[in-house]
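Input: structures, listed below.
Below, chain A partners chain B and then partners chain C, in two separate complexes.
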Partner chain A sequence: MSSVQQAVVPAPAAAAPRRTAKGWAYLRYGAGKVGGAVISLLAVLVTGFFLFRLIPGDPVKTMTGGRPVSAGQLAAYRREFGLDLPMWQQFTDYCGKALTGDLGTSYQFRAPVLDKIAEALPNTLLLTGTAFVLYTALGIVLGTRAAWRHDRLGDRLSTGLALTLYSVPSFWLGLLLIIVFSVGVGPIPGLFPTGGMESGGEEGFAYVLDVAHHLVLPVITLVAVEYGQTLLVTRSALLDEMASDYLTTARAKGLRDDLVRRRHAVPNALLPTVTLIFVNLGRTVAGVILVETVFSWPGLGGLFYQALSVPDLPLVQGLFFVFATAVIVMNTLADLVYPLLDPRVGR
Partner chain B sequence: MSLLDVRNLEVTYADGSAAVRGVDVSLEAGGKLGIAGESGCGKSTLALALLRLLPAGTRVGGEILLDGEDVLAMKWGRVRAVRWAGASIVFQGAMHSLNAVHRVGDQIAEPILLHRKATAAGARTRAGELLEQVGLPAAHARAYPHELSGGQRQRVMIAMALACDPRLIIADEPTTALDVMIQAQILRLIAGLVTEQDLALVMISHDLSVLADTCDRLAVMYAGRIVEEGPARQVFDDSRHPYGKALSGAFPRIGDPASRFAPRGLPGDPPDPAAVPTGCAFHPRCPVALESCSVDDQRLREAGAGRRAACVHVPEAAASPSAVPEPEASPHPGPGAGTDGAGIPVPGPAPSSDATGALGKPASAPPPLLSAEGLHVSFPGRHGGDTARAVDGVDLDLRAGEIVALVGESGCGKTTLARSLLGLLPPTAGRVTFDGRPLDYSSGALRTYRKRVQLVLQDPSGSLNPRHTVYDAVAEGLRIHRYGGDERAAVAEALSRAGLRPAERFFQRYPHELSGGQRQRVVIAGALVLEPKLLVADEPVASLDASVRGEILALLLRLRDELDLSALVVTHDLGLAWNIADRVAVMYLGRIVETGSVEQVLSAPRHPYTQALLSVLPDAPGEPVVLAGEPPDPSRISAGCRFHARCPVLASGEAERAGVADACLTRDPEILGGGGEEQAACHYAATSSTSNPSELIR
Partner chain C sequence: MSTQVHGRGLSGPTRSRRRMPATVAVGAALVLSAATATPLDPAPRQAAAADGAKVLTVAVAQSVDSLSPFLASRLLSTSVHRLMYEYLTNYDPKDSRAIPGLATKWESSPDKLTWAYTIRSNSKWSDGQQATAEDAAWTFNKMMTDEGAATANGSFVSNFEKVTAPSPTELVVRLKKPQATMTALDVPIVPKHVWEKVRDFSKFNNDKSFPVVGNGPFVLTGYKADSYVRLKANKSFWRGSPKFDELVFRYYKDQDAAVAALRKGEVSFVAGSPSLTPAQASALKNADDIKVNDAPGRRFYALATNPGARARNGQKFGDGDPSLLDERVRHALFMAVDRETIIDKVFQGHAVQGEGYIPPRFSPYFWKPSAGQELAYDPAKAAQLLDQAGYRTNSAGKRLGKDGKPISYRVLCHATDPNDKAVGQYLQEWWSKLGIGVTLDCLDNVSDPWLAGTYDLAFDGWSVNPDPDFVLSIHTCAALPATPKDVGATDNFICDKRYDELYARQLAEYDPVKRAAIVKQAESRLYDLGYMNVMAYPNAVEAYRTDQIKSIQTMPSAAGNIYGQDGYWSWWSAVPADSGGSSDSSSSTGVVIGGIVAAVVLVGAGVFFVMRRRAGADDRE
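Let's turn to the complex of A and B:
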């Protein structure tokens, strides 16, 4: 032994892990990411204000549409909403309020925007959160299977189906499901409600069941349309990894095939999927405007649709800000989590 | 009973290509068998077949008896039990063979937990012991693969291979892509462990000299068959098969006048396993093939004591040692036969004017074509770390028609120096002059400059755009420089100069349709098309097979003769310098530590670093001086002589006796001049006039 050891005196411990240095590097990295996110949020605040002022239509006229109103009344409305002020003053007011956490008052509901959002947010989270968990799990599991047995019949069928559903417009699929399963076609009776979140009048456990019953069709629509993306990303990432030498090493060690997959291939392959998961998580809050509208789901998406048609400027701006915030926060979280999962990144 | 007995092994991949076509090999316990051959000859397939690691759908026939038990007949559960515990593998390129997201300690512990009844803590302790056994601190168990250097990762692979006390270790190109010094460390480590623990070793490599040094027996594979087998030294020194001869001849033997300015290769490429030639598979490339060779298949037969070879010339060979006729030394059988192989005749010894010219030049030195004076290139440290002085004071001249080899380990700054000479990296201090004028870094001037100085990179697969045809790849330079003449003619001319003939046949090909050697020729043609004065080639043959290597080097030599082209060849390969260079500059940590004519520096090195580099070459005479560790970090260059921490002369006390030890620790040796004269930046060498390397070190 001695001869061998002498010959190979270890290198100066240049590569010995230095914990604290790494910790600092991560903090610096994290601070950079969070700083960038804050700047993005400010940009969203500004963009939101001007963007929606480009929408054609006069909110006051839309709200008073059909009723006889005098010019004086219109002017009064304008004064009430602050629409008579010069643009720059409207902007500074909006910014000042936004920074104190006040997103203004909805024109059509005559209620604080924040209240309206707080009311609809849980409903959206219930719908899209449920769908998110299902489509992410489904996408990863099916994507892993498809890659591991790629180019076999099972992979072709599964990938083909995912691609087809992924390219289907969600509102069309939703309408189709309503026609078949709510209205009923031929011998099939209407099994599920056509829309809304509850039938009303239920209490306790019956209420929970009732909401779940209403959830089925919109969740199916969302899962069907969304799982394909996760499946495809997972599949191609795993296919890339499958040619890697370290998997041959793992097999040569005598690991069972499923252990090679679970312990070695999937953790590496999921790294690109992580970013996608966080982006999807951000979109969860934004709701799904089309699906919520089709199923008359009382969530943020439906609210946004109502607000846009006026246009109810404070509400639209507020929702836009909340949606953007969710995406930015989730992206930042993805950036922060990634180095913890992949030791090669973030130094 | 043999430990490993492979009988009539045949492997056919799902696409129908026959990668292994009837291989018989056996290995006693404790024996060391080397398997050599070019890429694509089936040697890695053989390695994977031993543990049934080939992809599903591959047909494997024959028997693989490991300890008397046929691996091919085992149930999968038994195969998994035998893997790693009976035989383990050290793969090539440990970067990809280790899982990037697991700590190396866990990866070493994994097979222990799987095959031995061990607790997690027990396995962890054992992993630490194994790391120490391969010369790494146990604390490295917590490191991730990317935090370790290439050599350290290979050590981790070896530690992992030892984890379950296998009786057989299969090493597949264990040192390919490592520096000479690290390669020597790893080979020494493997050889030591194998002897000490009485392991059997199957080592696979394209490098015959490495195998001859490490193994007892050597088998040479070609087109899925073993074509020659015998005691390793004998096969290397005196091959009985024309293929073995060509392979071993492709290795430069430094100091051998026959290989000076005469790189030898083997024209053509190994056959596609899906379409193996009839008769003897080697006959299309064989310099001594008979008419009957295209019809009669050859099987291994006795070729002397303990030796077998599969060649029609062998029956006679059994009687007299060198019955395989030497290929006629006809230098040029006319310009390339126009085959796919683009067979460039390898020139015989270059005209004597070249050999002597190198020595004669310093006397009546014309002004240098390219010259670096006091060149420094530094990079700011990351996150406020220390500045890395990658090039730290270099003077270097390059004259018209001269080939200079810049030699050093990875991380020594040689690539940074080359990039700086090309104007790709502006120097931090010092200057570069070309044709007597300092380099102008304005973009217009740089464009003109780059027309005259072209770059050839290491990996032709990476440096060619896969979506460009050969024609586009070569014509791109012309288009960038708005060439006014006949583009088609210029491209055709450059391609045929680079040995791709007839050029038109290559115009519409894509890089993936070419062999590695042909791709590198395309890269060279792309450089030649602008009619440069100087080529800067960064490891131009490092990613090529030995047989192809000789071909490409011969091409560089010929271009120098025909076009009076100068070249700066950046390499870690001292043999390359011996093959083609006039002068050599050895670089260590940003500084040139020894320079002079190739004959002087390589035959009588004066700097202990050069001496060590030469001594660890597999074929070198005398005791190897394996330097410990890796080249230190260019952001922490020590005071005094930058080499002193690893210097064997200082460590042995020799420098102390010569009275220079103080200088070594405190005084930086002077920067060497860029001219041609022999110089070494060493306090010790300055005191002693003797230049006998063995005396200096012992």
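Let's turn to the complex of A and C:
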């Protein structure tokens, strides 16, 4: 039984042993999920190594293409990257290093993979995190409203708009916003920068404002194309709840319609949305390559693309591991949170 | 069950907490809107920054691989190095001939093995120390002795036996064998007193502490990966200070966004990678205060034929179609390619018809076939040639190979290059009239089948340097891989004894005129072989704002490119326009309207909150 429930519905003293048993059940359930996650992570570590060696292309040839390079230089590259070693030895080196937290050195940038990731990760999290908060909130609020007054004009308009934006390609919408709100069309002036994360040279509060200024259009793009999903899931979940008896009871108590919705219906309908929230949270780390490209946002998505095109094996492996870790951790968290929200899960 | 869940207290007295998401959302939206009202629009800073400094901003897309001249090989990084450091020699912006750089003059010994350079005494490092021959000798010696320092430019010193600096103005290089490229050593000379402290050259990226000591026309003052590269004018540069005070390379990963930034005035210059598209160019041609520079480029665009892949040890590999080993077949295929249509329809006029191997802008080395030698567009003659070679058509009009099966070629194309796909479709049409089938293999990364020799023909292209040695060297037998398992410098496995002789002769010829004549003979031989058919020389299509840049040097000066020159001419020569550009007024209007938008959002949010509060008051009753 969840702590929330315990706090709000005080259980009689006689129920204590039952509660302990439930606590053990939850612990067992949680340990199982966490154990599964650890195994998944190890599998990701191994898969990452082999998966990206299947990508066509020789990293050394790609990196030296188009310029004079002697055979000695090519050999030096291979030796430096460890590509001259047998595959099994490359694999054991990789595993040994990974287990000590060393993801290797990027071929193309000659810098530790962890440094490159640490450089871009905050940028991505700022963009996708801000967008995530906004589209989740917007999706839940609008989804609730649409369901509560379903099939009315407001619902049709709101759901229709959300569906339309959901199906719009993000890079196209981004480009459109740049043309309208960055360059300016007719009477609309160019209010926002056309790209990047900063103008460069600002410090302190001016820097924060500068980054916020650059953040507006990419965040609007992401929110516009993403909120529809949350809206639709929330709407359909709430519609399922709306016929429930407990809502009739609540209304019979004399509660206002608004209260019935907010206090009774929505909390019960949020479960599918919670799943979606965790799935989306896991995705925020992977970045949004198209939006990052259109708005020249220096994030992980762009880094991953660059790493793949070489292929810069250590960087690709490192990023793959980070992305997968984020998804696995979030899914595990969702699994752990579920029984707290719905006691039927995890029994 | 549902009632139990319903009783779980989530509907308890936590009203204000449950409102959090909406409040957070509105709050965040307000912060964002408020940001729009701040006067941060970067546009007015381009031509004249707040402190009056003239800033030249260039839109770029390519990431910096490294800012260490010992590691960098990408065009953007090496262009930045051109601005930061002097090289021994430079190239004349008029015709790309070698002219003095850090060296004022040079001469070779009668045995052709010793080169003596005189180092100028009027070049200082930006920390005040004198740049000397010792710095140059140390740079070359480091590359010869430290594998990490040889990463990017090791090939330039592989034929060096010994490099010494007998005095601060004398640099002497002793070669193992003659090498005509000694006035084209594209190696940045670094200050010894700074770089001798570097421990591991293979990992040092020169991007942690600024400003970076250099002696070029600009000094590197800041860098943030995929955001910007910032340089300041070197006021004491020996050739004269640049006219702009600052040069900023800003990142626009999407070319349409970069064009939008140019229209707005956020950047002064856009090059595109490798060029603006015809649609972008024609749209910008009609825009105010923007000049499109549509000029001869330095690339050639060719159709390479697989001559039967092989290694230096004589082993053959790959599976190129045997019919392509017949010179008549290769000639016939190229004679069925209508280059005029390719220029008009595919490049939409932004290219010049291909002739010889080296583009016409490198005038000393440009060669074109004589009237009798030229493989002009003539489909009927092409069909005749195929008939003569014994490849006849069957009753269905399909041309048959020696094995009696219909001939169909695999053409390797770059999935990322729309030109490849468009030309490929024309090839299908033109060669089907000869009875030959074509399958386009468009891949993101063509290097695997390319290196394995598992293709018949392929779209190929190279950017040519003022010194032609490198683009010539990739067709020599010496460039083949040592064994089929190795990777060689070869482009498409061409190995021809006569061509090799000509290549070796030009490399040992120090007289520029005589050398050019031999290079032309080598080009002629390459043309006759028919393994490398140049279809076009694509133009460099780039654009800049005339209200920010008054004038800028192209290379060649008559008509040439601005971005990616051999030398620092464009950015060094750029003269700022007098006015700050028209972007100032629009951006201040922007700020005003941004403020109004923010105010409307604020009022709307206020009304929203008041209404919610009222509803809440009703609930409490």
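Following the convention adopted for this analysis, the second predicted complex is superposed on the first by the 328 of 347 C-alpha atoms of A that agree within 3 Å, B and C clash if a C-alpha of one lies under 4 Å from a C-alpha of the other, contacts with A are read in each partner's own complex, and residues count from 1 in each chain.
Criterion: a residue touches a chain if its C-beta (ideal position, glycine included) is under 8 Å from a C-beta of that chain, and two chains touch if they have at least 3 such contacts.
Being a predicted model, the structure only gives us computed values, none of them experimental.
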item	value
Chain B versus chain C as contact partner of A:99, first or second or both or neither	neither
Partner chain(s) touched by A:136 [first = chain B, second = chain C, both, neither]	second
Contacts of A:185 with chain B and chain C, given as first, second, both or neither	neither
Partner chain(s) touched by A:248 [first = chain B, second = chain C, both, neither]	first
First, second, both or neither for A:67, with chain B first and chain C second	second
When both partners are placed on the shared chain, which of chain B and chain C touches more of chain A	C
Which superposed partner A:76 touches (first chain B, second chain C, both, neither)	second
Partner chain(s) touched by A:39 [first = chain B, second = chain C, both, neither]	neither
Touching partner for A:292 - first (chain B), second (chain C), both, neither	second
Chain B versus chain C as contact partner of A:213, first or second or both or neither	second
Residues of chain A contacting chain B in one complex and chain C in the other	4-5, 7-9, 244-246, 249-250, 256, 264, 267-268, 342-344
Chain A-touching residues of chain B, taken from the complex the two chains share	48, 51, 53, 79-85, 88-89, 91-93, 96-102, 110-111, 114-115, 133-137, 139-140, 142-144, 146-149, 151-152, 155, 160, 185, 188-189, 192-193, 196, 383, 626, 628-630, 632-633
Footprint of chain B on chain A - complex, ascending	1, 3-5, 7-17, 25, 28, 244-246, 248-256, 264, 267-268, 271, 341-344
For the chain C and chain A complex, residues of the former touching the latter	1-12, 18, 21-22, 24-25, 28-29, 31-33, 35-36, 38, 40-43, 45, 63, 65-66, 68, 71, 73, 147-148, 150-151, 154-156, 158, 202-203, 205, 222, 224-228, 230, 248, 250-254, 256-258, 260-261, 263-264, 266, 443-445, 447-448, 451, 462-463, 469-470, 473, 482, 486-489, 586-587, 589-590, 593-594, 597, 615, 618-619
Sites on chain A touched by chain C in the complex	2, 4-5, 7-9, 55-58, 60-74, 76-77, 80, 105, 108-111, 116, 119-120, 130, 133-134, 136-138, 140-141, 171, 175, 178-179, 182-184, 189-201, 206, 209-210, 212-213, 215-216, 219, 244-246, 249-250, 256, 258-259, 262-264, 267-268, 292-296, 298, 302, 306, 309, 342-344
